[in-house]
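Listed after this line are the structures, all set down as structure tokens.
Note that subunit A is present in both complexes that follow, paired respectively with subunit B and with subunit C.
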Partner chain A sequence: MSISLKRARAIFVKDYKEFTRNYAVSIMLIFPIILALLFRSVDPSVPGIFAVVLNLSFVILSCFTQACLIAEEKERNTLRSLMMTPATTMDVLFGKSSLVFVMSAVVLGIVTYILGYEPTSIWAFVAVIILSIILYTAVGTICGLFSKTVLEASLTILPVIFIFTGAPWGTLLVDDFPIFKVLEYLPSTQLVYFLEVRNTGFTMGDLFPPLLITLAWTVVLTIVSVVLYQRRLKDE
Partner chain B sequence: MQFQPMYDNGELFLPKIELNMTSNQSIGIITDLKRKQLLMNQLVNYSEYYLFRAGQGEYMRLTVEELITFLIKVTERNERVALLMDYFALKEERKVKIKDLSSSKRMYVTLLRVFFAHQPTLVLEEPYFYLEEQDRRHFKRILDDLSKEKQILILTSNLEDAIISCDAIYRLNESGFHPLDIRDSEEDKQEVQKQDEANITLQKISTKRNDKVILFNPPEIDFIESIEGSILVHVGGGNYDCALTLTELEQRLLNFGFFRCHRSYIVNLQKVREIITWTKNSYSLRLNTGQDAVVPLSRSKLHELKALLNI
Partner chain C sequence: MDVIQVEHIRKRFGNKDALADVSFSIPKGEIFGFLGPSGSGKTTLIKILTAQLNATSGQASVFNLPAELMHQSAQKMRFGILTDNSGLYERLSIEENLELYRQLYDLPRSSIDKVLQFVNLSGERKKKVSLLSKGMRQRVLLACAIIHEPELLFLDEPTSALDPVNSAHIYKGLRYLNEKGTTIFLTTHDMAEADLICNRVAILYQGQIQTIGSPEGT
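Right, the complex of A and B next:
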């Protein structure tokens, strides 16, 4: 499976122009920033605020925009037409994902700056953010593949919002519902754990488990999304 | 190009079709919606066909120029955008977003995707359907240039659309797959027999359909065509078999204002609404019957027709 950077770049530029002119979707970019501005006035020492904003931003930015990009191409049959050009699956996915990645990274950078979060280990923090963006982009790809129109995409995203951003809250109910223990292994909960590791007296050992679990999610979901993408397009 | 036979409720719906495609020749198949879909679906899994479906959409928020640039880049061609915009005659719409174009222009821009196809065979569904006259001409020019290197198959339900740019036309319907004779051969000369001058006796044209003999008054007839040697009389959208030859019919109908406009066609001039000029060498006649019928007109017959109509 080869990637042609030239073709991927063409898709990147095309999607960038399409996306920035589609105000209904691109307005979502400001949403995490507004959220961050709102929460800034809250006592910054409250743990978990940053994690909540991040988790929401991932779903809104990476997941939703990627789902919209793919669903819109499907809606207009341009994806099918694109498959008949020399552009391969990887070109298309790479071009689109890199656009979503860049946008997410920039907005999350701004959010982190506004909230004034100081990571315990800058490298581990960057790594976990990058992995999460890729992971949620893959989820977005899957959502996009299962929806035929942009409207459907915004609906299929709802369960994702519910499960992923709700998971950290669900873990609070573990005592009543032991089944909720599963939620601890969701990447969003792991992100909360990761961010809760405090500056004072942390060891690398505390940071590694969340990082590894997130990595596992990323790898699995990326593979699933690529395989599904090829399958779904053949079916149609 | 080969199509497998398909059955619907035990009846042959799509016969086995073998097309000998050569480059520099485009083929048109006139058929209905369902058969069009079936034909397209048989080609989906082959990488040598570029399929352009009627429902193809476009990136609405790009400008025309951005779209062409994208298509050039994604297909890794080495053309210059400015030159292509000239070639496509889209200079004025350069900065217009696709969604702001007129629907005909938008369809035309969408159709340009076939220009960038790398596959050796292009299959187009209803390419001319939504196009206005001017865009039709532009697209016909582009298709003609493309057909120098590629094989082109056009699926349409409209004879007129097929006539625009096809060299060979077939009709596919419940009675099977038959070639239509639209070739424009000039050396084709029929022996014109001497006309019976005082022939004003009642002339009914007898036709057959489902073993019934049906008689038509000549003014009722829209046009008569010859398909693979059998004569079909078209009346009000339906067609009826006739045992006479075209030459015989021509003689009998001459006094009723009929005209042999083509080797295989006789048309009722009273029903002709429009003479359509596609290029210098291809013409057709549009009739003002209930259905939008179009009949080819030979170049050699054009002068005769003009003289007849005093134009």
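Right, the complex of A and C next:
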């Protein structure tokens, strides 16, 4: 599977121009910042607050935005036109995801600064954020490819918001409903576990399990999004 | 040399044949018209030839390669396509839309000026696509399809949204492209259009070719 950086860049630039003129989607950038400002006054020692804001930000920024961008291309038939050019699957997906990646990274950086979060290990923190952005962008791509219109994409994303942001709360009911133990393996819950590792006395063994589970989710969902896109190349 | 060869192509959707045993070939440099009413299988055939659909049976080749290989970038550089499934970026200007295609096909900047002249839209290049009339949009779509001066051009009812003046301008342009060596595969339901521009036509009805030959003879 080849990738042409020149073509991916052309798609990135096109998406950037469209995004800056699409206020319905570009306004999404400010919501995580508003959330961070609202939660800024909460005692930073309260566990989970930062994770709640981060999980919501991933869904709003990476997932919802990507789903809307892909769905709009489908709605206006531009995705099919793009597929008929020499741009490969990887060119299109890399180009389209790059914009969401850059925006998410910048806004999440601002959110982290506002909330004053000090990571246990900066490298592990950066790794988990990068993996999460890729993961949620892949979920957004999948939702966008399953939707025919932007409106449909907005609705498709609702179960994702519910499951991914609700999972950490669902794990509180594990004692009463053992089946909810499965929620512990969702990336949003793993992010909570990761952020709860204390600054003092931690070992890399504490950081690795959530990192590896998030990595596994990222790999699987990225593969699913690529396969699904390739299937959409055909009209069968 | 034949640019397109189709042998006993059949395409079945559910229990209905969209195409039933269709065979024909198009030599290099020809303008070939595929005539037929809506739902006769014209678009299905274009989709098979451009690897958007797989045939149920039979063989189709483009540039002497199996049509299924037309999804490859190297092959996509060789053909252009305009169908009713083609779209434009509404928030971008005509020029910005063409700039994307220029970069995807790795062309020089001058190709935008050239193609805008071709579709008679040089004066409107800064106009946002959302502000364009249906006819102007169709001309921009055509510009996107031919910006790389393809060897083969698939056109699915290219003048259906155009008034006679714009249609005449497009015909003139297509003849010019054809004189430069582009083979054109055109579908239409307008016999007069086929008569005006095509070297040969095939009439498709209920998925089968009824007759094939020069427009005068069919």
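Everything that follows uses one rule, which is that the second predicted complex is superposed on the first by the 235 of 236 C-alpha atoms of A that agree within 3 Å, B and C clash if a C-alpha of one lies under 4 Å from a C-alpha of the other, contacts with A are read in each partner's own complex, and residues count from 1 in each chain.
Just so we're on the same page, contacts are C-beta pairs under 8 Å (C-beta built on N, C-alpha and C of every residue); 3 or more make two chains touch, one makes a residue touch a chain.
Bear in mind the structure is a predicted one, so any value in this text is a computation, not a measurement.
Colleague: Determine, for the superposed arrangement built on subunit A, whether subunit B and subunit C clash or fit.
Modeller: Here the two partners, once superposed via subunit A, clash with each other.
Colleague: Using the touch definition from the top, say if A:L233 reaches subunit B (first), subunit C (second), both or neither.
Modeller: The answer is second: A:L233 touches subunit C but not subunit B.
Colleague: Is A:R7 in contact with subunit B, with subunit C, with both, or with neither (first, second, both, neither)?
Modeller: both
Colleague: Going by the touch definition up top, name the partner, subunit B or subunit C, that contacts more of subunit A.
Modeller: C
Colleague: If you stack the two complexes on chain A, which partner ends up touching A:T88: first (subunit B), second (subunit C), both, or neither?
Modeller: second
Colleague: I'd like to know which partner A:S154 touches here: subunit B for first, subunit C for second, both or neither.
Modeller: neither
Colleague: Quick check on my understanding: which residues of subunit A belong to both its subunit B contact set and its subunit C contact set?
Modeller: Shared contact residues on subunit A: 4, 6-7, 9-11, 13-14, 17-18, 21-22, 76-78, 80-82, 84-87.
Colleague: State the interface residues of subunit A toward subunit C in the complex, per the touch definition above.
Modeller: Answer in residue numbers: 2, 4, 6-7, 9-11, 13-14, 17-18, 21-22, 73, 76-82, 84-88, 233-236.
Colleague: Where on subunit A does subunit B make contact in their complex?
Modeller: Against subunit B, subunit A makes touches at 4, 6-7, 9-11, 13-14, 17-18, 21-22, 75-78, 80-82, 84-87.
Colleague: Along subunit B, where are the residues that touch subunit A in the complex?
Modeller: Residues 50-51, 53, 55-62, 66, 70, 73-76, 97, 113, 116-119.
Colleague: Which residues of subunit C touch subunit A in their complex?
Modeller: 47, 50-54, 71, 73-74, 76-77, 81, 85-92, 96, 100-101, 103-106, 144
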